[in-house]
Each structure stands twice: as structure tokens, then as C-alpha cells.
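Every chain is named by a letter (A, B, C and D) in the order it is written, and numbering of its residues begins at 1.
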Amino acid sequence: MAEQFVARGQDLELVGIRKEFPGFTAIENLDLKIPAGEFFALLGPSGCGKTTTLRIIAGLEEPTVGKVLIGGKDVTDTKPHQRPVNTVFQSYALFPHMSVLENVAFGLRQRKIEEPLPKATKALELVELEHLANRKPQQLSGGQQQRVALARALVNRPALLLLDEPLGALDLKLRRQMQVELKAIQMEVGLTFLHVTHDQEEAMDMADTVAVMNHGQIEQMGAPEALYDRPKTAFVARFLGQSNIFVGDVVENTEHTIAINVNGQRIAAPKLRSEKHEGKIAIGVRPEKATFHETKPQLGSEHNLVGPGEIIDIRFTGVSNQYLIDVPGFGDITVFAQNVGKSPVVELGAQVYVSWKVEHSFGLSDLPAKADNDEI
Amino acid sequence: MAFVALGQGGAKSSAPVKNSSKVAFILLAPGMIYLGLFFLTPLVSLVITSLKTASMTGVIGMYDYGFEPGNYAYAIEQYGPQVIRSFGYALTATVLALVISYPIAYFIGVKARGKPVLQALLLTLVIAPFFISFLLRTFAWKQIFSNEAPITQFLQSIGLLPSDQYIIGTSFAVIFGLTYNFIPFMTLPIYTSLERLDVRLVEAGSDLYASPAKTFWKVTFPLSLPGVISGTLLTFIPISGDYVNASRDFLGGSDTAMIGNVVEANYFRIQDYPTASALSVMLMAAIVILVSVYVRRSGTEDLL
Amino acid sequence: MKRGLPEDPMMRQLVIMAREKMISRRAALLGLGGTAAALSLASCAPAATTLTPAEDLSDSEKILVWHNWPLYMDGEDDGSYPTLNRFMDQTGIKVEYMMEIDDNDTWYAKVKDQLALGADPGFDVACPTNWLVDRMIGLGYLQTMDNANMPNKVANLESAYLGNANDPDRVLSVPYQGIIGGIVYNKKMYKEATGKDAPTSLADVWAPELKGRVGLISEMRDSLGLTLLSQGVDITDPNSLTEDAFNAAVDFIAAQVSSGQIFNIKGNSYGEDLTNGNIIAALAWSGDTTILNFEVGEDRFGFVVPDTGSTISSDSFVIPMGSQHKKNAEALINYYYDPVNAAELAAYVNYVTPVVGAKEEMLKTDPELANNPLIFPTEELLSNVHAFRPLTGQEEQRFATAWQNLLLGA
Amino acid sequence: MKFSLGKWLLPTYVALTFIFMMIPIVYTFIFSFNDVEKSNIAWKSFTFDNWLNVCAQPEVCHAFGNSIAIAVISTLVSTALGTAIAIALGRYKFKGRSATNLLLFLPMATPEVVMGAGLAAQFLDLGVAKGFWTIVIAHIMFTLSFVVVTVKARVATLDPRLEEAGSDLYANASSVFWRITFPLLLPGIMAAAMLSFALSFDDFIITQFNAGPDTTFPKFVYTAAARGIPPEANVIGSAVFIVAIAIVLVVQLRSSLKAKRLAK
């Protein structure tokens, strides 16, 4: 067993994982490969199967079908304690009957590693909690408990560290601070991190690679920027940030551009940024990429233009204003405008036009489901 | 049965339950086999014994396997009054215990809330009688109520008790003893459910109903019902089978015998095992029917 | 239903034998064991399993467990047990003396499983009452003792106890004490209540002045025996003591209970009711009177044999098949058949001693007690004392049930 | 209850009831100092002798020793069996769950006389001689369900993630149990063991049916009641009471103080 433990991250590979529970299927068919040393985030709404995936990797659940490989080795049939994997649980799961130090030393003791206490103390130093070593977990604040849980996992130098929404229970400020710390620690120790979260900002902020999961399947995977810039499905487009999505039949299919007809108006997207090129497709744009005009602007074919519509809601969020514009035949369109001193730019009820550059459009592989619309 | 979970609260965690029949089986098997061997099979033995016939040898205490439902008819015919008396005593003592216990449970569970030391002390006082032999306590009452004791003399002197009547040996003494002995069994479950009662509900109630009595009957009491049910069952069942209090050597007399006394006498004195078993089977059946009706009516399925 | 002679020839023979035994009153009333044993043996023979005595370890294990009744050993009140301690000193046998028998039935219920298996029932020697001894002999639960180890018994056993059909040498059970049943009463309270010095008949006990102040011992053969005698029934005779007669007596007692005449029917604790004044008079045992007086420290209680006659029974040493200390038990029996020891014991327990020479010994130490007819009954007293006739298994079951149902109330 | 809201009425009632509850206990205690030889009925004079020479009545001590031995053995077994069942019920899904619950509930809903007579009938049929071990068997049987209920309540409050965290941290199944599950369940298991001990120690009815010639403290008291309970029995009863109350008070006060501290 001991040779499995290396002070360096290892690859994780999931092959054809399927997990059925009585009455429902949590994971449909999952293939996933996380290279060693990467900070990988599994992002999705609750119930999408991400926690189940994590539990399968940790060995706490058995997959119905499929294999789990860590460092190229098939560990599907091994017990949790035999896997070079540690988990930081959402609820921290600190042992209430042991001191902080004993909690951290637990894994070391189980593996009969020499000098467990000095090593545990070192790990506590890493999370800056060595002064609380003799306290009981219940006597610590939420953030402190979270750091103990992290130290308890990290001290084992696992090939793979699993983080199950570890920041979920913290308040916003603490969460930001912990995000920074987590990332710093990951860089420092160079382990493979698999972070499960439903917080898209957290995922984008910390991860090298983000996988968006929905209904037991990974919908899209990639670097945070790429994912945000070019979502491939309506779900990703709406779960990762906000999107305005328009559905229509393809009326134009040239070398560089795809255009659809929405209620008589042409909306175009670059062909390279489109998943489908014919039939009924959906084209979207991020709200911050769109601008509005109080009078109908004269724009060329490199712009999409819809309107006029009525501003039905204005929300002030500090750095920007969010405008909700009801364009007949298009539904509600969201536009973010930088807060550059004059706020709001226009009044509620004003008639405006919305435009954006065609190069900012993205064409989706599917059509938005009703439910996805409701989420926004 | 909540009283045993004393001081542990009843917080149900939404723990995901592991799905492993194999491990569960290994954990369950020894205990369940034990109960099967020494609880269920004995009940079957009881039924078999209750149908045995007198041995052809005519030796006292010897019976042959057989099918003699007449044992039941005999038991009912011969011991009907004792059976009725048992349930009458049990019912009276249960109601008395409930009336006496509820205010105590209310005080500890609601009024003493937020004073953990007081609460702990009072709870200890409630369970204190458990720690001195039940027989010694009952015997003490016998002495306290004996004919020459001051209490009897006093009651006779003020005319509350005729001069040729005594306390010991009467139904009053037996019901008194039964009530006394089972008060803790009633208090603890009621306390447990009142302890979990959200005081804000009572406050909301008094907000809406104004009268404390109405608040009590409309809010507090219904919320404590699971404890009341648990308590009444915990009191009624053991009382209906008790034979110590009604024994002549304790608080009983010539016409206080209960089912338990009949079973004891038939078992130990005349070795009429079939009759003793038939009575036990009938007692068990009556209790099972009563419990299931009671539980169904009050809607508390989760007795454990 | 009048009961004639049984149909079964063997039973018939036994009953005839039993009746022949009654020719000598004294012999009949004290020689209880044999006839009854023969009767019950005959009736239960098919069920009796053949048990074999356990290996006797007396030579290596100097211990002995003795089950006996309370108030049945000298020095019991302060735990000093003078005669018993002397026995232990003399023989080196450590006796564990346990007051386990409060009631023949409940004691028997406790030990019968082990007896039936021939296993160690928790005692090496015990002194149950003759009717229960009969049952145990009939079932083959008892070891045969060796007279060679009990020379005192051979020499001093009251001749009236010899000559049983089933146990001619009394080697299956050896009498410990004889018990006379009669009326125990509180002298002062009785006088206050009735104006009379002492009750003379059972009718006195049922007098309205004693309403609610009468106790009854729960031993069927004594309480009902006295009642039956008062109703003119000859309790030694199956033709007189029929089931109808028995049931009539039960009904009579039941009426006394329901009218409130009888305060309680109890085992040994009737003594407590007497000492704390719950009751004034009781149908009870002779020997307890002296002990109760000793306990209260004054001559408070008296005992009378009712004019219609008293009951008598005996408690006997028995050794169960499962005992591994038969020789130790025999040594104990032999010890208590030494007249000196028997006299010392009798002076304390005040029951009828079966040991010849005990009276002479007691005359030396306590002449007054030696002339106590309750310990050394006179012929006159014995002429009015009767033993409850042996019952067949079925009879015993029915009688005992009727009696228990009375005790359980309506 | 209408009146209970009166400031003093309810506390007064509670105080009076507690005094009432204590009467026979105090009586038993006082009469343990009575200078009598045998039947401890009327008060004679004060003495410490009964306390100093408890075993002057060897039967009392013998019965007490038996009771302790039986209670210890049956508590150990029923606590082990019951804890396993409680864990299975609280942690695992399995078929026949409701049947299991029913089988566990039934002994608590069965009058003792029925259980006692039933088991005795079985021993009779099997030709088993009753004695020490049949008492132990009977006591394990009727205390088992109470152990399950008590421990189950504790299992319900135990976060299963803690056990998962243990196995995640390289602890095998037995380490997880002994280092995590067991210590966390310990308060519940201790409570169950105490309850089981108390139930066994004080049981009379089931014991009487299955004791054979062996005796226990309650059985001794029952038998002795017929001729007067010796003061030594009061001594043992009072001593057990004092020790038990001391233990319970310490445990209760400690846990309530702890709860108070944590609540802050």
C-alpha cells in the first residue's frame, strides 16, 4: 500500500462510470481525465451527480459500471482507506472526540507513519492554526474548522485531494479568503485537486480546468475563460454566467457566418463559434457584450441589432447596472453596462435598441429547455 | 419508549443510509436470532403449553402434548373476575399516573428549561426510585400503611376509615402501589416530548388564543401526545401483568388478585401450566390488540 | 360423589394397606410417608424416570447445603445456630443453612426441574412436608440413605415413624419435626375483643367479634383440615374426606373471606400479621407460637387445639439424586438424632420431635418445656390430632386448584 | 394546567410530589439502621451494625452477589448485541426492516409475566434445568430491546460522514469502528448499559419464572417479605441507591454543564 503514496499529484481517470440508485440514475456515462497536478473543478447544480462522482472517486460509493484509475492504476475495487485520495468534506466531518491535532494526525497514525504529531503540527502551521492544536473542533469557528479539515487531508500528501463544496458553509468574505489560500496551497504542494462546487465564480476563480455537469453527464469541459467565452450548450451558457439566447431557423450559412431569423430580424454568429449550422438553432450573447442605444443606430453586418424594446427593470449592482429589456418577439434581454459615473444611463420605460458584435455571438449545440430559461 | 433515550435528544439526522444488506445482516443476526430463540419461540411454547392435556399418569405438574382449547374456556370461566380486575386496576393506575406525572414533566421539560443543573437534578429525582429495589419500595408502603401504623390510626380516628377497616389488602392499596411504582415510566416519556416542544409555539398560541388553559389544550398537550402515548403504554402494559403489588405479602388482600397472581399461582403452586399459559396467551393477545388500536388511533407508528 | 374403593386392583390393595395402617392411631398419624408414597408411586409409576444418585464426594468435599423452613433452627434469630455450629466443629463439614422453603409448592416449583433431571438442585438436604416428600419418592427423585451412617437414627427414631410400606427403614426420608395445626391467638387482644380467655373451637374464630382479625395459613392441609374436622369430617378417611366434603369446606372458607371475617390467607407471614396486630387469631402452626412470643419479647400469644381436633404433619430430611454429599447429609441427620441435640433444637423450634430420648434430655435442662404437649404430645392430645389422608395425583391437582382459586379470590 | 401558570403552584406541586416519591426510599433507608434481628417491622433502636455486618444474613449477600453477577453478564451481552442492532438499524438499508422493528418492539410491549412464563415453558419443554444461566438468558432477552432503543437514538445523531472521513483517512473498517464510531456512540452505549444493568438488577417477575433454585436480590426480598425483610436487605437496597444516584448525578450534571458551556 505504501508505494501508492507519493508526494506528488497523480492522474485521475474515470472510464464509463455509471451509477444507479434505486429509482434514479445519478451518473449516466462519465468519462473524465484529470492530469496530475491540476486544479480541477466539477461544477453543477445540486443533484447533478457531482458529489456522487466525488464519492465514487473516494471509494465511498461503488460505481454500477465503469472504472476509476488513479495514476494509471485501477482502484475501482479497493476500499476508501486503500486509495491515495483524501477528501475535505462539505461539513468538514472533523472528529468531535479528538483534538484538532489528533484529527490532523489521524491519517498518519492509520498509516503508521513515523512522528505523526510533528507532521500534523506542520500541517496546522500551513493553515496557520498551530496555536489551536489542542482545542476540540466544536470550539473552532467555521473557517477554522474548514482549515483543519484541509490540513487533515493535506498532511497525508494524497495523490488526489477531493474537495466537496468545502467553502459552502462559509460567509462570503471568508470564502474569498479561503479560495485564495486553497489555491496558494495547491500551487505550493502541487497535488491534484478535484473541487466539487455549485458556485461558478469559485470554480472559475480557482480551477485550471472546469467541467460543467448536468443530469449526470459532463456537458462541457475546459479552461474557465474558454468555457465562459464559448459555452457549447444552453445549460452551460446559463449556469456559467448569464446569457441571452435567441432561437431561430438558419437563414444564412456562409463561409464565416451563420445567421438565424428571429421574428423577422437577423441574428448572426461566426461559423467557428457555432456548434450547429443548419435547422433550428440557438445563438447567444453575454449581457456585458451587448450595448443599448436610445435611438436606432446605423450598424454594419458585423453587428447584431434587435429592438426597439422597453426597459422593464434596472438593477444596480455596484460595478455595473443590469438592464432588463422587453423586446417584443425576443423575450427579455439582459444588458450590463459599466457604471461609469452616470447612473442609470437611461430611465425605466425608455425605448431602446440592443446591439452586439457578431464575433461575440456563440452558436449552441442544443436549444434551451424551458427549465433552463427559468433558471435565469 | 422514549424515556430511555433520556438526555440524548431525539435529533434525527438526515444521514444517508448505507445500502449493505450483508453488513446489516451480520450486525443484526446475533441479536435477532437471540430474540427469536428466547422471545419468539417461548411465545410459541406458551401457546403449545396452553393446549396441553393432563398427563395420563395423573402426576401433578405433568402434561402431555395435545389440543385442548378447553383450557382457555376454563381460564376465562374461572378467572374472569381477576382478568377484568387487572385491566380495571391498570387503567385506573395509568390515568392516575398520567394526572400526577404530567405537571412534573411539564415543569422539568418547559419551566426548568435553560436551567440545566435544575433540570438534571429533577430528572435524577424522577428516576431515583428505579435505583432502589421495586420490591423494597412496595414493602415500605406496606409497612407505612400497616394497620398499626400512624396513617391508618389517623384515618380511623378522623373517621375517614371505619375502625374495622384497614388500608392494606384493599383495592385502594394495590392501585396506590401500582400508581406509585409506575410514575417514572409515565413522567419520562412525557418529559422527553415536552422538552422538544418549541416554546415559541406556546407563545404563538397564547398570542392567538389568549387563555393559558386554551393554549395548553390546543397547543401544548397535542404536541406532547407522543410522550403521553408512550408513557401510558409503558405504564399500562407492565401494570396489567404485575403481581407483586397485589400479592398478599405486599399490598394485596383477599380480593385483589390480578392476572399475574393467577398465573403465578397456577404456575408455581398448582403447576397447572396449561392454565397459566392460556392466561398468558390471552393477556398477550389483549395487549397486542390494545396497543395496535391505541397506536393506530393516535397515529404514532414509530414506537421505538 | 362418594368415593368407594378404586377399581384398579393395585390401588385397591394399597388403599386396603393404608387402612390397615390406621389401626393404631398413633402409628397412622405419624407414619404418613409410606402409604401416601405407595399411592402416589402407584399412580405415577409410568412417568417416573430412572434416576441414579450422583457420585458422593463427601470424603473430599466437606460441605453441605441445607434448605429448610424459617423459624426452624435454634439461634436463628441472631444467626448463631448453636447446634449447627457444633455440628460443623465436630465434623468439619461446612453447612450452608438456607431458609429457602417458605411454602412447599413454591419451593418445589423452584427445584423440580433439577430434581427431574437428577441434577444438583442447589441443596444436598432439605426438609419438605410429608405429602411433598411422598410425591418426590414416587417420582424417584430421592437417594436412599445408608442406615450404617446413621446409628442414632436407627436407635432413636420414634417407633411410630417406622413401618411404612414403601420405605420400611425410613431410608428415603427421615423425619425432622412434626407439626400440629391449631389456633394461634393474641391473648390480650382476644380477651378485649371477646371477653373470653381463649378460643376453644373453630366456631370461636368465626365469631363476629373477630371480624377482619382472623388469619389463615395458606397450607391447604392445615387450614382446610382444621375446617373439615370442625365440620365432622374424618380427614384420615377417604370415605369421609370426599371431594364434596372438601369443596364444602372450601366454600365455607370462601364465605368467611367474602364476609370479611378472614383478614388474609398467607404463608409464613401470618406471623407478621399477628405481631403487628393486624390479626387476633389464626389457624396456624403450633411451633410458631413460642417463637412469635420470643420475637415480641413477651408471652403474648397462645396456641390451642380446637375441640374438634387438630391436624398433624411432618417435615422430613430428604437427599436429592443430584446431591454429591450424601454422606455429609447422613452425618447431619445422625447428629440431629442424638437426643441431646434434638432436645436443644426442640427447645427452640417448639415442634414435635421424632427423636426418642429427647424428652428425657430436656427434662434435665428445661422441665417446663419438656412437659409442653406441643413438643412431646400426650396420648390425650394425640388422640385428637389427625393427619390429612393421602391424595392421588388427580385429587391433589383438583384440591390444590380449588384451594388456590380460593386464595386468588373472586 | 390552567393554574400551573400561577408562579408558585406548580413548583409547590412538583416539590410535594417528589417528597411523596421519596417516602418509601427514605423509609427503607431509615429502617436499615433499625436494631432488629429478623423481621424489620417496628422501629426499635438505632444501630450501625446492619451496615457494618451486611453479610450477617448470608442469604442477603449471596443473593446480592448473584444479582450483580447476573446483571454484569447480561448487560455485557445485551449491550453488545443491542449496539450491533442499533447500528444496523441506524445505518443500513435492508430488507425486513419493519419486521425487525416489530420484533424489537414486542418484548417491550409484553408483560413480564408472559415473557417469564413463556421462557419457563420453553425450558420446561426442553428439559433444561433452571438456574443462574437461565436467569442470564432471560435477562439478556428482555433488556436487549431497551439497549437497541437507547443506542439507536445516539446513532441517529451521529454524522455518517465522520465514519466516511475515517475510512477516507486510511482507517480500515475495524479502525473506523473502534476509533470513531465506538467513541462517539459511547455515551449512548454507556446509558444503555446502565439501563440494562438497572433493569436486570431490579427484575423480579421474569427472574422468578426462570431462576430455579438460584436466588437474586429481588427474589430474596420477595421470599423474605413473607416472614419480614431483614434490615440487611434495606442496607443493600439503600447502598445501591446511593451509589447509583451518585453516578447518575455526576453524569447528568457533567453533561448538562457541558451543554451549557457549548451553548455559550
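Going forward, a residue touches a chain if its C-beta (ideal position, glycine included) is under 8 Å from a C-beta of that chain, and two chains touch if they have at least 3 such contacts.
Not measured: the values here are computed from a predicted model.
Colleague: Which two chains are joined by the greatest number of C-beta pairs in contact?
Modeller: Top of the contact-pair ranking: B-D.
Colleague: If you average the CA coordinates per chain, which chain's centre is most distant from that of chain D?
Modeller: The chain farthest from chain D, judged by C-alpha centres, is A.
Colleague: Find me the chain with the mean Cα position closest to the mean of all the protein Cα atoms on display.
Modeller: D
Colleague: Taking each chain's centre as the mean position of its Cα atoms, how many Å separate chain A from chain D?
Modeller: About 55 Å separates the centre of chain A from that of chain D.
Colleague: Using the average of all C-alpha atoms in each chain as its centre, how far is it in Å between chain B and chain D?
Modeller: Each chain's C-alpha centroid was found; their separation is 16 Å.
Colleague: CA centre of chain B versus CA centre of chain C: separation in Å?
Modeller: 39
Colleague: Using mean C-alpha positions as chain centres, tell me how far chain A is from chain C in Å, no decimals.
Modeller: Here the centre of chain C sits 94 Å away from the centre of chain A.
Colleague: Which chain C residues touch at least two other chains?
Modeller: 103, 266-267, 269, 276
Colleague: Using the touch definition from the top, which residues of chain D touch two or more other chains?
Modeller: Residue numbers touching two or more other chains: 41-42, 124, 159, 225-226.
Colleague: At least two other chains touched by the same residue of chain B: list those residues.
Modeller: Within chain B, the residues that touch at least two other chains are 146, 148, 249, 267-268.
Colleague: Spell out all pairs of chains that touch, sorted by label.
Modeller: Going through each pair of chains, those in contact are A-D, B-C, B-D, C-D.
Colleague: Where on chain C does chain B make contact in their complex?
Modeller: Residues in contact with chain B: 40, 43-47, 103, 105-106, 109, 112, 135, 138-139, 211-212, 257-258, 262-267, 269, 276-278, 392-394, 396-397, 400-401, 404-405, 407-410.
Colleague: Where on chain C does chain D make contact in their complex?
Modeller: The contact residues of chain C facing chain D are 70-71, 76-79, 96, 98-100, 102-103, 110-111, 113-114, 116-117, 119, 121-123, 266-269, 271-272, 275-276, 295.
Colleague: In the complex formed with chain D, which residues of chain B make contact?
Modeller: The touching residues are 1, 4-13, 15-21, 23-25, 27-28, 30-32, 34-36, 38-43, 45-46, 48-49, 100, 102-104, 106-108, 111, 116-117, 119-144, 146, 148, 180, 183, 211-213, 216, 220-221, 233-234, 237-238, 240-244, 247, 249-250, 259-260, 263-264, 267-268, 273, 276-277, 280-281, 283-284, 287-288, 291, 303-304.
Colleague: Going by the contact rule set out above, which residues of chain D touch chain B in the complex?
Modeller: Listed in rising order, the residues are 1-2, 4-5, 10-11, 13-14, 17-18, 21-25, 27-28, 31, 41-42, 81-82, 84-85, 87-88, 90-95, 100-101, 103-115, 117-122, 124-125, 137-138, 140-141, 144-146, 148-150, 152-154, 156-160, 187-188, 191-192, 195, 198, 202, 204-205, 208-209, 217-218, 221-222, 225-226, 229, 233-234, 237-238, 240-241, 244-245, 248-249, 252-253, 255-257, 259-260.
Colleague: Report the residues of chain A in contact with chain D in the complex, numbered from low to high.
Modeller: 58-60, 79-82, 85-87, 89, 91, 93-97, 106-107, 110-111, 138, 152-153, 156
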